[in-house]
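Order of writing sets the labels: A, B, C and D. Residues in every chain begin at 1.
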Amino acid sequence: MEGVFNYAPAIAVFPLVAFVVALAFGNYLPKKGAIPGIIATGGSLLLSALMLAAVASGEVYHETLYEWAIGDATSATDVTGIEFTFGILIDPLAALMLVIVSLVAFLVHVFSLGYMNAEGETGLPRYYAGLGLFTFSMLAFVYADNLLMAFMFFELVGLCSFLLIGFWFRTKSAPSAAKKAFLVTRFGDYFFLVGVVAIAATFGTLQFAGDDSFVAAAQTAIDDGTTLFGFDAQTWVTITGLLVLGGVLGKSAQFPFHTWLPDAMEGPTTVSALIHAATMVAAGVYLVARMFGYYALSPTALAIIAFVGGFTALFAATMGVVKDDIKQVLAYSTISQYGYMMLGLGVGGYVAGVFHLMNHAFFKALLFLGAGSVIVLMHHEQDMWKMGGLKEKAPVTYWTFLAGALALAGIIPFSGFWSKDEILYDAFIVGLEEPIILAAYAMGLVAVFFTGFYTFRMVFLTFHGEPRSDAAEDPHPIGWSIKAPLIVLGVLAVVAGAANLAPVYKLTGLEFTFLESWLDGEYGAIEGVTYGAYAELAHYDSGFIGTEETTVLIAAGLSLLLAFSGAGAAWKLYNVPEPVVYRDRLGRIGDVVEANYYQDEYQVWLAEGLTLPLSRAADRFDQTAIDGAVDGVSTASLFGSDRMKRLQTGIVTNYAALIVTGFIVLLLVLGYAGGWFI
Amino acid sequence: MTVAIEYYVLLSMALFCIGLFGILTRRNALMFLMSVELMLNAANINLIAFAFYHGNLTGQVFGLFVMALAAAEVAVGLGIILVLYRNFRDVDVTVPTTMRW
Amino acid sequence: MVLVELPEWAALAPMLLLAGTALALFVIDSISPRSTNRTILAGTATAGSLAALAVAVWFTAAGVGAPGMDGFGVIELFDGQLIVDQMALYFMIVVAVVTALVSVASYDYMEGHAYQAEYYSLVMLAATGMATMAAANSLVTIFIALELASLPSYALVSILKDNRGSVEAGLKYFLVGALSSAIFVYGISLVYGATGFLQLDAIAVELEALAAGDGGDFGGLLGLGILMLIGGFAFKTASVPFHFWAPEAYEGAPAPISAFLSSASKAAGFVIAFRVFTTAFPLDVTTELIGVDWTVAFVILAVVTMTVGNFAAATQDNVKRMLAYSSIGHAGYALIGLAGLGAGSETVMGAAMMHLLVYGFMNTGAFLFVGLAEHWGVGRTFEDYNGLAKQAPIACAALAVFMFSLAGIPPFGGFFSKYFLFTGAIEAGLLVVAAALVVNSALSLYYYARLVKAVWIDDPVVERDSLSQPTGLYAAIVFAAVMTVVLLPGFGPVVDTALDAAAVVVA
Amino acid sequence: MMIEALIGVALIGALVTFLAPNRIAGKLAFAISLIPAALSLWMFATFDGSGNALLGGELAFESQAEWIQFGAYAISWFVGLDGISLPLVVLTTILVSLAIVSSWTPIDDRESQFYGLVLFIEANLIGVFVALDFFLWFIFWEAVLIPMYLLIGIWGGPRRKYAAIKFFVYTNVASLLMFGAFIALVFGLGDAVTSFALPEITAAMLDGGPDGFFGVGGTTLMSAVFVAMFIGFAVKVPVVPFHTWLPDAHVEAPTPASVLLAGILLKMGTYALLRFNFTMFPTDVIEPFVVPIAVIAVISVIYGAMLALAQTDLKRIVAYSSVSSMGYVILGLIAFTQFGVGGATFQMVSHGLISGLMFMAVGVIYNATHTRMVTDMSGMADRMPVAVGILIAGAFGYMGLPLMSGFAAEYFIFFGAFGSEFLEYAPIFTALAMFGIVVVAGYLLFAMQRAVFGPYNLETDYDVRRAPLHDVAPMFVLLGLIIALGVAPDLIFEMITDAVDPILEGGEL
C-alpha cells in the first residue's frame, strides 16, 4: 500500500486541472465544465479512499515535496535557518477529512448538474472553475503538513468562497455578501497570519508533526522555562495560539465573526452546501484539531475555545429560530453546530469534535442539498411560509431531508446524536470541575433545545401542512442528479454515527469506538499527533456524578430530553395544516433576535460608521494639511517672486538710484569690515 | 608749490558725486549723458594727478584713451537718443517703461 | 610644430580673425551698400567666427599658453598689455562659438531688415572686443576692450529702430552702461592712484611691495577702487546690483543679440574679472592692505544675484524676460568661481569657466529658440508658446534640452557644471553659497519646467498654421542642443582644459 | 558590454521612435522594446554574480571606464549587476514592453513622441539599477524624471499640468537634498575615497566612516546625511508625509505612465534606500533612527490604506495603496534581517508587477467607460468579463493572496520584521503594519463591489464592449508572472538573499 502515497498530490491536483479546464474551455464543453469537475473530484474521492485504506493498513505519509523559500533566520528558540515548504501529511485525521471533503465535493458537483445546468444558469464555466479551485484549495489545506501551507490554502479557500458567493454578481446583494464574507474572514486571518509569523519567528519551524514540529518545540520551551519575546513560554504559546484562533473563528463563523455566514447564503445553494456548511467552514475547526497538540499546551486557550464554542452554539441557535428563509435557518444552524465542535475541542474532546465535524459534514451537506432541491421544487422560492405540503410531492427529498433533520436535532440514533452527545458529555465532566466550562456546557445544552425547535419548525413548514403558494402546489420536477446525492448523504446521516458509539462503550463495554481508535493511532499515526498524546498534554480534571455510567446517562438523557422537547414544541406549533406566525408574541426579545442581536449593525457601523468617516477625515487632512503644506511652499515662493520682480520698475532713473544704493550698501559692508572709515 | 595729492582726489570725488547726482535727478537723456561725462572726467583728474604723483606717464596716456572712448560713447549715446525721440517723441529717460517687472 | 615658426603676435589670431571679419564686412558693405545678400553677410560672419573658433581650438590643443614641457608657455604681447594663455584661448572659444551660432541664426532672424551689413559687422566688432577682453592684461586694455564690446552692443540692442522695445532696451542698456563704465574708470583711477601701475602683474608686484613695507596710506582708496572695479564687472556680467539693464535689454533686443549678450558678453565679463582678481590683487596681500577679503564681496554678490535672478524669473509671463532673469541667476552661479577663490584652489574657478562654456550653448540655444518664435511671429508670452511642439517637435525638443540643462538636471551638460560649482563652493567652505545654489536650483526647476510645459503640454490658445523651418535658426538651435547633450558624456576634456587654464592663472 | 547594449538599444530606439511616423510608432516601439527584454532575460538566465555589488560581491556583466576627473574624486562609467538589481532590471524591461502594448488603445495623439519617451525612460530606469558610480546613478536617476514629466503632462488627464509640475519639482527637490547630503558625505570621507564608485565609498563608510566635515564630527555628519538621504528617497518611495505628489501624478498620468510610475519609479526610491541608507551606513548610525523609521513605515501602511479607503477614483485607490505597500518595504528594510530586506526587495518586484497589472486593468476599463469613478459605474463584469476578471485577480494579488507574489513578499517581510533584533518592539510594529492586509481588502473589495459587480450601469453612456486582445494580453503576462513568483519565489528570492546577506554581515562590522 505504501506506493499509493506517491499519488497523494494528485488528490489536490485533479480539481486544479478541472479548474483550469473549466475556466479556459468551459464554454466549449458539453456541460460547461461540469464533466471535468465530476471526473476530477471523483478521482480525488477514489484516491482519498485509497489513502484512508492505506492509513487503515497502518501507514502514514509525511513528506516535504517542495521548498517554497528557505533562508537564514535565527528563531527566538535559537533554531538557525528556516524552511518554508509545501508538504503532505496524511495521518488518520487528514485521511478522514480528505474523504469527507472529496466526497461532498463530488456529490455537490453531481448535484450541480441538476441544480445549475438544468436551470439554465449562465456563467457556468466560472461556477465550475470556482468549485474546482475550491476543492483543490480545500484538499491541499487538509493535508498540508505545516502551518504556512495551511494558511495559504486557508486563504485561497476564502477567495473561492468570495467568488462563489458572488456568483450572481449582477444582483446587488450577492457581491455585498461576498465582500462581507471575505472581509470578516480576512479580519480573522489577520490574526492567523500574525500567529503564523509569530510561531515561525519563535520556533523556526511550522511543521505540524514530527520531532521538528512547532508543537514539540513549544513543549520543549515550556519545559525549559524559556522566555520568548518577553513572555514566559506558556503565555507566549497561549498568545500565538489565540492569534491563530482568530483565523479559526473567522472561517468557522464563530462569535463575533459569524455575521458573514448567513449573508453567504446569497450564493448558489450548492455552494452553501459544499463551502459554507460541509467543508470550508469546517476548515477552522479542522485547523484546531490539526494543531491540537499546540492548544493542548495552553489551558487558557482551550478554555477560550470552549467558551466561545458554547456561546456561539446557543447564540446562533436562538437566531435560527426566527428565520423564515430555509437557507438562513440552515446557516444559523451551521454556526451553532460549529460552536459545538469548538466546545468539544476546547474541553479536550478531540475525538468528539472531529466526530461531530464528520457527521455534520454529511448531514449539513444533506440538508443544504435538500434545501437546494426544495428551492428547485419551489421555482427558486426560499421563504418557508410559501411552502408546505411538499412531503407527498417530493418523497425522496422529504425523507432524506428528514434524516438530516433528525441528525441535526440530535435525535437518537441518528448520527448527530452520537457526536453531539459525546461533546456535551465531555464538556459536562470537565465542567463539573471548571466553572467556566460548566457555563459553556450549559449554553451548549440549552442550544440543543433550540436546535430541535428550529430544525423541526423548518421541516414542518416546508414539507407538512397545506401548500401555501402556487409553486408549492405544482413543484418543478427534479432529476436523478439531485436525488442521487441526497440518497447517498441521507444514508450517511443515518449511519455515520456508528463510527463512534462512545456511550455504548461506556455503558456496555462494547468496542464501538472506531473513530477514537482511528484517531488514537491504533491503525497508524504519526507520533505526537494522536488523541492519546493530546490527552496527556491537556490536563483537564474531570468529575462524575456518581459513576461514569450514571454521568453518561444523565448527560445523554438531558440532551435527548431537550432535543425532543424542542422538536415537540415545533410539532405543536407548526405541524398543522395552516401554521401561523408567532413572532409577535416574543415582543422585544423577538425584535432583538430577529435583528440578529444587532451584530451586523455594529459591524457595519465599525466599517461604515467609524472606519469610513475616519478615512474621509484622513483624506481631508491629507488634502489640506499635508498637501497644503506642499502647495504652501510653492505659493510662498511665487509670492516672493512676485515681490522680487517689482524691483524692476522700468524707470531707468530708479535703476541708477538702486545701483548706487546697492553699491553703497556693499561699500558700507566691506568698508566696515575693512576698517576704511576709521 | 605742489598741491597735495589729497586735494586732487577730493576734487575728483566731488566731481564724481556731482555727476552721480545729475544722473539720479535729471530726466533728460542729454543731461544724463553730460553727467556721465562729468564722472568720466573726475576719473581723468585722478589719473592725471596720480600720474604726476607717481611720476609715470601711464595715467596721462590712459586719460587720453578715456577721453576718446567718452567721445565714442557719446556718439553712440546720441544715436540712441535720436531713435528714442523718434519712437517716444521725448528724450525723458523715465518715459520708456513698456518693459518692467 | 608649425606654431613655433609663427611670430608671437600670431597667438592673437582668433581675435585678429574676428576683427578682420568685421573689416571684411565693412568692405562688402562699401562695395555693395545696402546689401541685403544675407548669404554673403551671414556667411562671412559665420566663416570668420568659425575660423576664429578653429584657430582657438587648435591653439588650445597644441598647447599654446600652457606652461610646462609640451606647452609653448604663456605668451605676453606689447609689454604685457595683452596676454595669451589657456584662459584667454578658452574664453575666445566661448566667444567664437556663441558668435558663430548667433551669426548663423541671424541669417533667418534678420531677414528683411535694413542695415544687415552693419548688423553683422557690429556683431563681429563686439566679438572682437570680447575676445580682446579675454586676452587683456592691463586695466587700460581691459577698459578699451570692454568699451569695444559695449559700444557695438548698445547699437545692436537698439538696431530695430522702429521697435519701441528695442529702442527702450538700447537706451536703458546704454544709460546703465555709461554709468557703470564711469564708475569702472573711476575705480581704475583709484587703483592707479594707490599703486601707480595699470598693468596687472605690475599692480600685484607693487601691492606686495606695499604690503611688505608700511602698507601705504591708500588702503581705503585701493579698497574703494577695487569695489568700483567690481561694479564694472558686475555690469558686464549682469550681476546685482548692476543687473537692472539686463531684463529690459534682453527682452527688447533682437533675440540673437540677447543670446549674444547673455552668453558671450557675460563670459567676457567674467574673464576680465577672473584675470584682474587673480593676477592683480593676490588675495593675501590685498587683504592685508585693504583689511578685508575681497571674496566676501563676491560671496554677497553671488548669493544675492542668484536669488534675485531666480526669484524674479519664477513668475514672468514673457519668455524672453524669464530667460533674462535666469541669465542673471546664472551670473550668480558663475560668481561662485570668484567667491570660492578664498580657499586658494583653482577648481572652483575652473568650474565657473566650465559653466560659462556650457552656458554658452544652452543659453544661446534658448534665446535662439525665442528668436525662432519671433521669426514665426507666435508671440512673446508663455501662453503664446503653448503647444508649439505639435508643429515643431524638433526645435521644441531642443528647447526642452536647454531648459533642463539650465535647470541643472541630468542628463545634460548643465548638470555637471552646476555640480562642479556646488562642490567648489563646498570645498571652499562656502556652505551658505552652496545652500543658496541648491535652493535656487530648486526654484529654477519650476520656471524652466513651465516653459517646457507650455510648448509640450499646453494646448494652443489660438489655432496656428504650420510653422516654417528656417534653416539657419534650426541649424544653430539643433547644434546647440546637440552640444548641450554631448557635453555630458564628453565633459572630460572640458574639465581638463578649464582646470588647467584656471590653475595657471590662480598660481 | 551587455548592459551597454541594453541601455544603448533603448536609447537609440527612443530616438528612432521619436522620429518615426505616428502610425507605426506603437508597433515599432514594442518591437524595439523586445530586444532589451530578451537581453535582460538572457542575462537573468546566465547570471553568474554573487554577493552584494557594494560589498565586494562578484558582479555580473560588469564594465568600467574612466570618465571625468574633477577635484579629488573621479567619476566613471561603472555598471554591473548583482542579485538585487538584476530582478529589477528584468522587471523594468518586461514592464516597459507590456506598458507599450497597453498604450496602443489609449494613446491616439503624438504617438511617436509618446513611445520615444517611454523607451527613453526605459534606458534611464535600467541605468538607475545598474549604475555603480554615484554620478552615473544620479544622472540616470534624474533623467527618469524628464520623460515622466512629459508623459504625465502631455498625455495625462484634466489636471495633468498641476500634477506633472508637482511631481517634477517635488521629486527633484528631494533629489537635490539627497544629492547635497551625499556629496557632503563624500567630502567628509576625504582621502579615504578617490572616486564616486559606490563600492569604494561603501568600504570607506564601513571602515570608520568620515572624520568630519566643517567642524561637524564624523558620526554627526553620518547621522545628518542618513536623515537627509532618507528624506530624499522617502519622497520618491513615497513615504507619508511626503506622498502627496503620488496620487495626483497617478491619477492624471496616462495608463502606461501610471504602470511605469507605480511599477518601477517607486522602486527606485526603495532600491536607493536599500543601496545607500541601509548598505552604506554602519548599523550604529542607523540605530537611533530605527524606531522612528518603523513608525513612519507603519503610518505609511495604515494611513495610506485609510486614504485609499476614502477614494472613489479607481486610480486614486491604487495610488494610495501603493503608498501603503511601500510602507511594507520600509518596514522590511529597517528590520535588517535576511527575510526583511530580502522580502522588501522581493516586494519591490512583486508590487511592480501587481500595481502594473492593476493600473492596466483600470486603464482598460477607463478606455471603455471614460470614467474611473466607482460611483459612475457598476456591473462592469457584465460587459468586460475578461478585463474585470483580471482586475479581480490583480486586486487579490494586491491583498496578498497566497500563491501570488504579493503574499510571498509580504510574508517574507512580516516574518523578517517580526523576529528582528535590530528593531525594538518588532513584533508590535509588525503586527500593526500587518493590519494593512485587512484594510487593503476592505477598500479594494468595496471598490470592486461598487464598480464591477451589481447590475450593469454606466453614467457616461459609452458603448462598452469587450477589450481587444492587445489590451488584455499584457495583463495575462503579468498575471502569469505574479503567480509564478507566488508559487516559486525562489526564482528570484535566492538571488536576492545572496546579495542581501553581505549587507547584514557588513552591518555587523
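Going forward, contacts are C-beta pairs under 8 Å (C-beta built on N, C-alpha and C of every residue); 3 or more make two chains touch, one makes a residue touch a chain.
Here is each chain with its UniProt name: A = NADH-quinone oxidoreductase subunit L; B = NADH-quinone oxidoreductase subunit NuoK; C = NADH-quinone oxidoreductase subunit N; D = NuoM family protein.
Remember, it's a predicted structure, so these values are computed and weren't measured experimentally.
Two chain pairs, A-C and A-D, are weighed by contacting C-beta pairs, with A-D ahead.
Chain centres here are means of the Cα atoms, and by that rule the chain farthest away from chain A is B.
Think of the whole protein's Cα atoms as having one middle point; the chain whose own Cα middle lies nearest to it is D. Centroids of chain A and chain C (each the mean of its C-alpha atoms) stand 78 Å apart. Chain A and chain D (NuoM family protein) have Cα centroids lying 37 Å from one another.
The distance from the centre of chain B to the centre of chain C, with each centre set as the mean of the Cα atoms, comes to 26 Å. Computed centre separation for the pair chain B/chain D (NuoM family protein) is 64 angstrom, with centres defined by C-alpha atoms.
Counting partner chains per residue, chain B has residues 23, 93, 96-100 touching two or more of them.
Among the residues of chain A, those in touch with two or more other chains are 634, 645, 648, 650, 652, 656. Within chain C, the positions touching two or more other chains are listed as 171-172, 175, 179, 183, 247-248, 446. Pairwise chain contacts in this structure: A-B, A-C, A-D, B-C, C-D.
Within the complex, the chain A residues that touch chain D (NuoM family protein) are 67-76, 82, 84, 148, 151-153, 155-156, 159, 166, 169-172, 174-176, 178-179, 182-183, 186-187, 189-190, 193-194, 197-198, 200-202, 229, 607, 611-612, 614-616, 618-619, 622, 626-627, 630, 634. Against chain B, the residues of chain C that register as touching in their complex are 139-140, 143-144, 147, 151, 154-155, 158, 161-165, 167-172, 174-175, 178-179, 181-183, 185-186, 188-190, 192-193, 196-198, 221, 247-248, 251-252, 321. Those residues of chain D (NuoM family protein) that touch chain C in the complex are listed here as 18, 66-71, 110, 113, 124, 138-143, 145-146, 149-150, 153-154, 160-161, 164-165, 168-169, 172-173, 176-177, 180, 183-184, 187, 214.
The residues of chain D (NuoM family protein) lying in touch with chain A in their complex are 166, 169-170, 240-241, 243-245, 303, 306-311, 337-339, 342, 379, 381-382, 396, 399, 401-403, 407-408, 411-412, 414-416, 418-419, 427, 430-431, 434-435, 437-439, 441-442, 445-446, 448-449, 452-456, 488-490, 493, 497, 501. Against chain A, in their complex, chain C makes its touches with residues 171-172, 175-176, 179-180, 183, 219-220, 223-224, 227, 230-231, 240-242, 244-245, 247-248, 290-292, 294, 296-297, 300-301, 308, 311-316, 325, 443, 446.
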